[in-house]
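One chain, chain A, appears in both complexes that follow, with chain B as partner in the first and chain C in the second.
Entry: the complex of A and B
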């Protein structure tokens, strides 16, 4: 693994952590350019301004903020779907926007997203076993090995093997989300990007998935980037929280510190709102 | 799957029966008197009654219907044209070949060109190619077919004199060699097929581009991309498979056009097809011809939908397992 640059502008609370983070986001600025008719002119919209953070091995970091603040854009940029305007993203020591696509494809399976809507995250034409085995293709396993790994993954995410030949629409939301997690784990990832993973689930199923994600994290030493607007979910899963507002980081630190002693009034508002919701539910 | 097909077939027969009945009743209840095509409005009543008796129109509607249904179902006899005195079945068969040739080729061209360009434009969303092709296709989609036909006629037949302006064959067609006859057919068909094909292509283009864009922006495609799935595999195996399914319905519902003919195109290019036969029959109140031609369109609509269902069952694994 190539070690990343040591002289980075890290958040203050991360300086004491390992020098080899799984993910290092450095001065990231993101936006969208939309060219007008036949590309004669273009409109620009800045989304994220100069943010930096890192995720250490076996650590979960939550990006928290209101809808539309640009959390998913950050995830898309980390997944190399959205090119940054400025800044660098290092994953496993590789500057993912500088290396050739062919080289990035080799490390790509180590970086897996889990999207919010499991109904659209699974190919409707693929059965459950096909979907999960699709995630193992790059491992070049024999059929027997792939089958064995499939069974292990199903057991890990607590899914009945009998569901293997079902199609996504035949499963419940919770079962589908377990399949999505199993498919992501099939690639043997180092980092999971959880983009609002519970927002499409009912409360009981959400709690089950939280437990599942927690146990996965511990068993497989996974690092996670949790993207959510829900501080209570961040409290359940994250070691550290980064709060975003208007495209910049306004608060960041260990989860307990953010929840008990927030430095920004917007964070206090989020905590207050989450508290009200929590009492109501 | 077989059970499903049998139930669809039963539905098909019921719908066909209801449809035929409605067509027959509507056409016979429509205003207009076929006898007026053969005698003046001031002609004696006995003369008109004689004609009505000859056409079988003096009988109650239900009796006319049962006679027609019996002849049509048992003997495939659709009666005799009031106007030409010829067998309707033969007239329809004769008009069917030019129409099928025109609309079949145009539909094939429309599907191939529309789907191919739609996929390419979706892959290059918001790029110059996408915007250029979308603009052109939108123009074709908005144009009345006869107007596009007249423009092409003006350019390629009148100004440039490259292609013939009307009919399916030249006057001396029979004297040509085999190859020359084929070329003669092609030259006569290029303009009408292009006109209708471009209109079809615009429709298929919109559908396939939108379906492909929806598929490409789906999270399962992003997830596959994140697993390192090669781009061509993503586009042609994952996205295309899912986005082409709705097109089967579109092709199925387009099938009636094959039989009803592109009326305007046949008129503009003087093709002796089913569309023109039907127009003439409507103008002369030639009931047997109208009913037979309408029945054919109706039959094609149902067959088209049935075929779309069957193709769905074959290509969509989810339906096979449900």
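Entry: the complex of A and C
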């Protein structure tokens, strides 16, 4: 495989990862401020209160909670889309909200999000090969190298090369999600942020994507932050689960421990609602 | 005493093009009795949402719908919805058949408050004054489990959470006091707790409002609890149809078996092996069984021959050359 890490021109300290977590979130507090508008008064809404967690190399951590609890806000903050009110986020040893934007751009390719709706994640005017190769542009690969890497990625996500010239609208939901994964992997990321990656897919397709993500994780030594309300998915992919409610962490621990011995009644409620081993007689 | 409220006989939907036509749904036969819930399951692109649109004659003119959709309301004469004019079917859409589509917010007008929208829908469907419609709207908000109907009345769609928007859309679907409710993947945008609450609400409405429900869903955790019958669609063909409990215990079609075992394995937290070959190879074959490329019990006979119709002794109807035996 064409390696791109050398092209990233990272500072030496960024590569000292073996003993350190890939991602460390410290006392993160997030919220939204709404400015006064047409006679309405300005408002502040606190979403996440003082949460901390870390993701080690080759580890998958699931953030689980109901819709609106702030899971995606955490992802947005890690991606530097939403500035924290308080706290620090360290990615590859860098405090991402303290470093200048130019420096963040250097490590940003190592941090790749995969969102829920693959239809809106892909540019409708770009063919599949253009979309994937667009992600490699900043790596300054030669055309031959980029083409070789494209072929490897398509093979890795089990997409037929014949689909290269297709537009996103011509693909099924599962195929589009595979393209999004291939595009994310194009930059050899250290951390994937998977925000409800399966909620738009039917069961059989979802299982294929679970299998793909699992094998990618092992093969590429990836760390993942999985954001989901589906404990069944968390059970399949995550090493650890963090349960959020009302903006705070109410339960966290190894996946099996959370599922078999949850400490909070809300976690039990989630397990029950997810239908885990639940069937009328 | 339950009676067949809806009978669909040999429904077929074709996409008509200038040079050719393509069959998107075929051989669809089912019966829905009063107060029953029929769950339609299957892969994305299998024709589930298309079926809902075909039942309500909502497809554009380049789709040709053939077959019968017989609606019988109590003592009234049975009516074939497929052969009604646009004016005639509007009466059914307005008063007898409610519909709830997948994304609730896309069905709500963003510049009108939820209450205004529901009041207008009630006034139009039930032919009552706005003052009466206002009261009915408040009651409907309470019926669908919205805790503060008066506050919701003044709320705009963008101010609602996903679960609340789904309930407002449900209230709109109930504006005309329908006997039959068609629901298209109602819970795909909801978290698992909101999903469970919504399914409980539907179950409750079936009993209190005398509703019959036709539901397209991927939500296996809940259909197992509340569906009376299950229709499994694969590539536009109802590969298996029968009693929900029986199908769950003993699926006969390999695709139904694959779906249920996959879900049950996920429930147990065991690692699921994806069906092979992969999705991209599963394009439907032209004449033979569409599921053949992925079928674990496929035989040479399956590729060139359209699957044969079978009515099993337990009442299950399926299309398969080699159904799984008990």
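Definition applied: the second predicted complex is superposed on the first by the 252 of 281 C-alpha atoms of A that agree within 3 Å, B and C clash if a C-alpha of one lies under 4 Å from a C-alpha of the other, contacts with A are read in each partner's own complex, and residues count from 1 in each chain.
Note that in this section contacts are C-beta pairs under 8 Å (C-beta built on N, C-alpha and C of every residue); 3 or more make two chains touch, one makes a residue touch a chain.
These numbers were taken from a predicted model, which means no experiment stands behind them.
J.: Given the superposition on chain A, are chain B and chain C in a clash or a fit?
T.: Here the two partners, once superposed via chain A, fit next to each other without clashing.
J.: Output check: A:138 vs chain B and chain C. Expected answer is one of first, second, both, neither. What do you get?
T.: In the superposition, A:138 contacts chain B only.
J.: Taking the superposition on A as described, I'd like to know which of chain B and chain C A:261 touches: first, second, both or neither.
T.: Neither partner.
J.: Quick one: classify A:205 as touching chain B (first), chain C (second), both or neither.
T.: In the superposition, A:205 touches chain C alone.
J.: Tell me which partner A:155 touches in the superposition: chain B (first), chain C (second), both or neither.
T.: neither
J.: Look at A:183 in the shared chain and tell me whether it touches chain B only, chain C only, both, or neither; answer first, second, both or neither.
T.: first
J.: Quick one: classify A:169 as touching chain B (first), chain C (second), both or neither.
T.: first
J.: Just to be sure I read the superposition right, which of the two partners does A:67 touch: chain B = first, chain C = second, or both, or neither?
T.: The second partner, chain C, only.
J.: Working from the superposed arrangement, determine the closest approach of chain B to chain C, counting only CA atoms, in whole Å.
T.: Between chain B and chain C, the minimum C-alpha distance equals 12 Å.
J.: Go through chain A and flag every residue that touches chain B in one model and chain C in the other.
T.: Comparing the two interfaces on chain A, one with chain B and one with chain C, no residues are shared.
J.: So in the complex, which bits of chain A are touching chain C?
T.: So the residues of chain A touching chain C come out as 65-68, 158-160, 163, 172-175, 199-205, 207-208, 210-211, 214, 229-232, 235-236, 259, 269-270, 272-280.
J.: What residues of chain C sit close enough to touch chain A in their complex?
T.: 42-45, 161-163, 188-196, 218, 220-222, 224-225, 258-259, 262-263, 266-269, 271-275, 278-281
J.: Using the touch definition up top, name the residues of chain A that touch chain B in the complex.
T.: Residues of chain A touching chain B: 34-35, 37-39, 79, 81, 105-106, 108-109, 111-113, 115, 117, 120-125, 127, 134-135, 137-138, 165, 167, 169, 180, 183-184, 187.
J.: Considering only the defined contacts, which chain B positions touch chain A in the complex?
T.: Those residues of chain B that touch chain A are 126-128, 131-132, 218-220, 222-229, 238, 241-242, 316-318, 321.
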